[in-house]
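The following pair of complexes shares a single chain, chain A, combined with chain B in the former and chain C in the latter.
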Partner chain A sequence: MTPPQTHLIYVIRGSRARALPDRALVNCQYSSATFSTGERKRRPHGDRKSCEMGLQLRQTFEAAILTQLHPRSQIDIYVQVLQADGGTYAACVNAATLAVMDAGIPMRDFVCACSAGFVDGTALADLSHVEEAAGGPQLALALLPASGQIALLEMDARLHEDHLEQVLEAAARAARDVHTLLDRVVRQHVHEASILLGD
Partner chain B sequence: MASVALSEAEKVYIVHGVQEDLRVDGRGCEDYRCVDVETDVVSNTSGSARVKLGHTDILVGVKAEMGTPKLEKPNEGYLEFFVDCSANATPEFEGRGGDDLGTEIANTLYRIFNNKSSVDLKSLCISPREHCWILYVDVLLLECGGNLFDAISIAVKAALFNTRIPRVRVLEDEEGSKDIELSDDPYDCIRLSVENVPCIVTLCKIGYRHVVDATLQEEACSLASLLVSVTSKGVVTCMRKVGKGSLDPESIFEMMETGKRMGKVLHTSLQNILHKEESLGPKRQKVGFLG
Partner chain C sequence: MKETPLSNCERRFLLRAIEEKKRLDGRQTYDYRNIKISFGTDYGCCVVELGKTRVLGQVSCELVSPKLNRATEGILFFNLELSQMAAPAFEPGRQSDLLVKLNRLLERCLRNSKCIDTESLCVVAGEKVWQIRVDLHLLNHDGNIIDAASIAAIVALCHFRRPDVSVQGDEVTLYTPEERDPVPLSIHHMPICVSFAFFQQGTYLLVDPNEREERVMDGLLVLAMNKHREICTIQSSGGIMLLKEQVLRCSKIAGVKVAEITELIQKALENDQKVRKEGGKFGFAESIANQRITAFKMEKAPIDTSDVEEKAEEIIAEAEPPSEVVSKPVLWTPGTAQIGEGIENSWGDLEDSEKEDEDEGGSDEAIILDSITMDTGVEVSNIGSQDAPIVLSDSEEEEMIILEPDKNPKKIRTKTISAKQEKAPSKKPVKKRKKKRPAN
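Moving on to the complex of A and B:
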């Protein structure tokens, strides 16, 4: 049995015509392949869930990207999900953070995301598809790790407010772990690139 | 299709080169670019394949689902094609921009498979008039680097080769009601024979000669192309002319002969690679999307 995987491909394109006079416009499209989920999806994008995901991604990245530095430009972020096994929003945000950095677009900080849930008195971080389908409360959190500020927080289903602290803490801890990993990957990439350039 | 801006000088350069059997990247008129094929890349599917032909990147997933057979063919299952042009390939495909191209490619795929011998549809029948397997072949265009149809047909063939359909039995009890039982062993499945599955060879007319496997720049210089769908035995299942320009009948015959020849070579190489990959067994190193 292969381990569960969510694969993404992302593209960033900068500086296009349609725009606002004082800052950049961030445009996100979320598309998931028809064969990405267990049950075949009929429409890859344009349906309600994809549009909603696109809007959530846009909200997340408008909080993180320094849009004032690129007025009258548009930044397009296209996310393509190839295989989904739960935690797609979090995977999209993490992948898009790396893509935006790779494109050289200035950001306030990394944006790291993770999902969390609550089952039988225990908070669970990074839910898989089976755990999401079980129907318990699910929380999606996007964090800017250095300042600890939250870019996006979303929760489905009912959760007692006494447990909220615990679940939020689980998601935040997982997001900070992702940050450590992303930071290491970026530094290694820059290190390799600088060796190739002969600095 | 993804557009590329070419100056007149560049077009003249390409056209003159082709007349001398020398293309911009050093290939001859009948040479393909290097093709990377990998199967079994998406685990949620019954079969999948990824093909990279130069800058063209295609991912195909096949999902087998149970359904009712069509009324006019009660003893057969069928194939459904869907093509999604991802916005990653070019921003023109954002939203509904890629729908036109997607529909055109899907319709071409329907036509090339629309004959009795391509795929044995009778093997997809579970019980006549009631249950059959429907294979949903979903093509995802990740990057556009010219010669889409060829790459897509190679990927579809590889994905169908990789498809594993679970074996089912129909149990009938005393009242006559039927129940479908899935085999307990997850590795007990039926495979499709892809010997007669055709591949498309696109021939682009540039100047007085025609080229195989055109890049985006070469496609911009060509006014007319011929799509020929060829099986491994050299049988042509479908032929279509695309493009704004016109072709004279002699060129069409020449291009068709080239198409048949190239098609046979393509099939032999593809069969070799697929068998070699399969012989490596479950322990093979999968590159997937990390490469």
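Moving on to the complex of A and C:
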């Protein structure tokens, strides 16, 4: 799996006084820079696709973050895409997972996401922009690797029912690979940070 | 208006019922509500009723210049609106999240799945293409908006006829419906959304949730399929954790449901086609006729009576038999017989109570008027005794007292005290009687 060329900036802010008395409110906003795709596209801030992406990220993280531990506070996750080469939702989820972990907010498990598609009878994982534009079916899957539970499942374009299992399996396998990568990165970061703090 | 919150007992009741595999309207877990499709007089206008959820769909078309990066393709535009009449919670400013979600889902289901051949909508490449606009309005919200909306959209698209166009060299001729018959759109397949509601962290699942069930559900999985068993869209929402097996099982169920619904749609379209061809009446005015008050018709609700007999037998077996009451008839004289003994006439109680009141009144007066001379006492008792046989009417008043003028006028002149006291007793019974008629 090639490393994604989608760059993200993330911001996590916590503990603001807010509505829900028993748990935290998770708020996600997605924004895509005009220079992120091949053609320069001016995207107004509140357009439907960004809204939808924000809602989906929110749904994913509401399920993964232990919101009961932070009542009456709000967790904002802002994602800005600098360069998009396919699989933007998956990249957003992976980056946001690292950000939430870095911020110290407790989560059930890593949330690892990957996209998958189906071309010429083979299931492909992690589609690039060219493969997405070809118009075949695309699946985006966000997974909690330890339990195998699917936090979000989204699919576009026509895929025959019989191939669904194949594609799901490919996406799940790729998400687990992402998990090993993320795990390694987090441990390395913690190791370096502890060295710097001089323990 | 803010949505009224669901009470805890209602929530618990619904969840318990779902655990026992029972739904409030008597459906099974995989049953859809009744789907009713009616068409308007214009081509491309339809109303779909899924139970009580109603969606109106209207398709319109226009010639526009195409998008720059897709010069040879027509444009499809979908718009779902949650009308304020659908539910009191839908206010113009408040709907954004739900609206975005539904609209995006519909767009992905119908546009990305390429159910309509957009190439056929091209008139002059790079200059003129058809823009097809589908407007959906939610008229009543009783759960499962997305299914009803997707059915309405696809039915409206299938029903729609666009004006015929011919291109000769540089000339483009647009024919009116009178000159040439309008042409239907070329539709490859019909994607239909099927919603699955999950409860208790994914343990229980229901197809086609109604509004109450939607309020208590944990999450929703929407699968759009066509009758060729191709999945067009999957969308999970609501923060439930799914397992792969659940998704696969849902896709199998959805396949079955979509086949049924597609058949229904085909039949409805054919019927409408037939009626229009034969010159019969068509349109909403015809299809809503049943709902007049003068033609009141209740839909038959199927009730499960399979175990009624056993239950009835159980109840009879466990119940105590009634006590022996039947006695033999006794013939007194020819023409007069008696069966059993009746209970005492309870009407007698009422007269007794009236008499008791009189006596009380009389006794009260007797006590108060101790100091008064014997004459007045006699008068009082006379009044009291006179009341009993006098029954003037059967009004609600228990007694009527006739106030007679004092029989000893001399006493009034000489002994004012006694006169006052005489008047007092006459007043007292009146007061007493008034007390007895509080309702009047």
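By definition in this document, the second predicted complex is superposed on the first by the 194 of 199 C-alpha atoms of A that agree within 3 Å, B and C clash if a C-alpha of one lies under 4 Å from a C-alpha of the other, contacts with A are read in each partner's own complex, and residues count from 1 in each chain.
Note that in this section a residue touches a chain if its C-beta (ideal position, glycine included) is under 8 Å from a C-beta of that chain, and two chains touch if they have at least 3 such contacts.
A quick note: this is a predicted structure, and the numbers were derived from the prediction, not measured.
Taken together in the superposed arrangement on chain A, chain B and chain C fit without clashing.
Within the superposed three-chain model, A:L164 lies in touch with chain C and out of touch with chain B [touch as defined at top].
When the two complexes are superposed, the chain touching more residues of chain A, out of chain B and chain C, is C.
In the superposed pair of complexes, A:A63 makes contact with chain C only, with no contact to chain B. Looking at the shared chain after the overlay, A:D156 reaches chain C, while chain B stays out of its contact range. When the shared chain is aligned, no partner comes close enough to touch A:L20: not chain B, not chain C. When both complexes are overlaid on chain A, the residue A:F35 reaches chain B alone and has no touch with chain C. Touch criterion met: A:L55 reaches chain C, while chain B stays clear of it.
Of the two partner chains placed around the shared chain by superposition, chain C is the only one that A:S147 touches, whereas chain B remains out of contact. Put simply, the nearest alpha carbons of chain B and chain C end up 12 Å apart when the two models share chain A.
Contacts from chain A toward chain C in the complex involve residues 39, 48-49, 51-52, 55, 59, 62-63, 135, 137, 139, 144, 147-162, 164-165, 168-169, 172.
By the touch criterion given at the top, residues 2, 5, 7, 9-11, 13, 16, 29, 31, 33-38, 40, 44-46, 76, 78, 80, 82-85 of chain A touch chain B in their complex. Only residues 42-45, 48, 59, 61-63, 65, 82, 84, 86-88, 91, 94-96, 136, 138, 140, 142, 288-289 of chain B touch chain A when the two sit together in their complex.
Contacts from chain C toward chain A in the complex involve residues 69, 96-97, 100-101, 103-104, 107-108, 112-114, 189, 221, 225-226, 228-244, 247-248, 251-252, 255.
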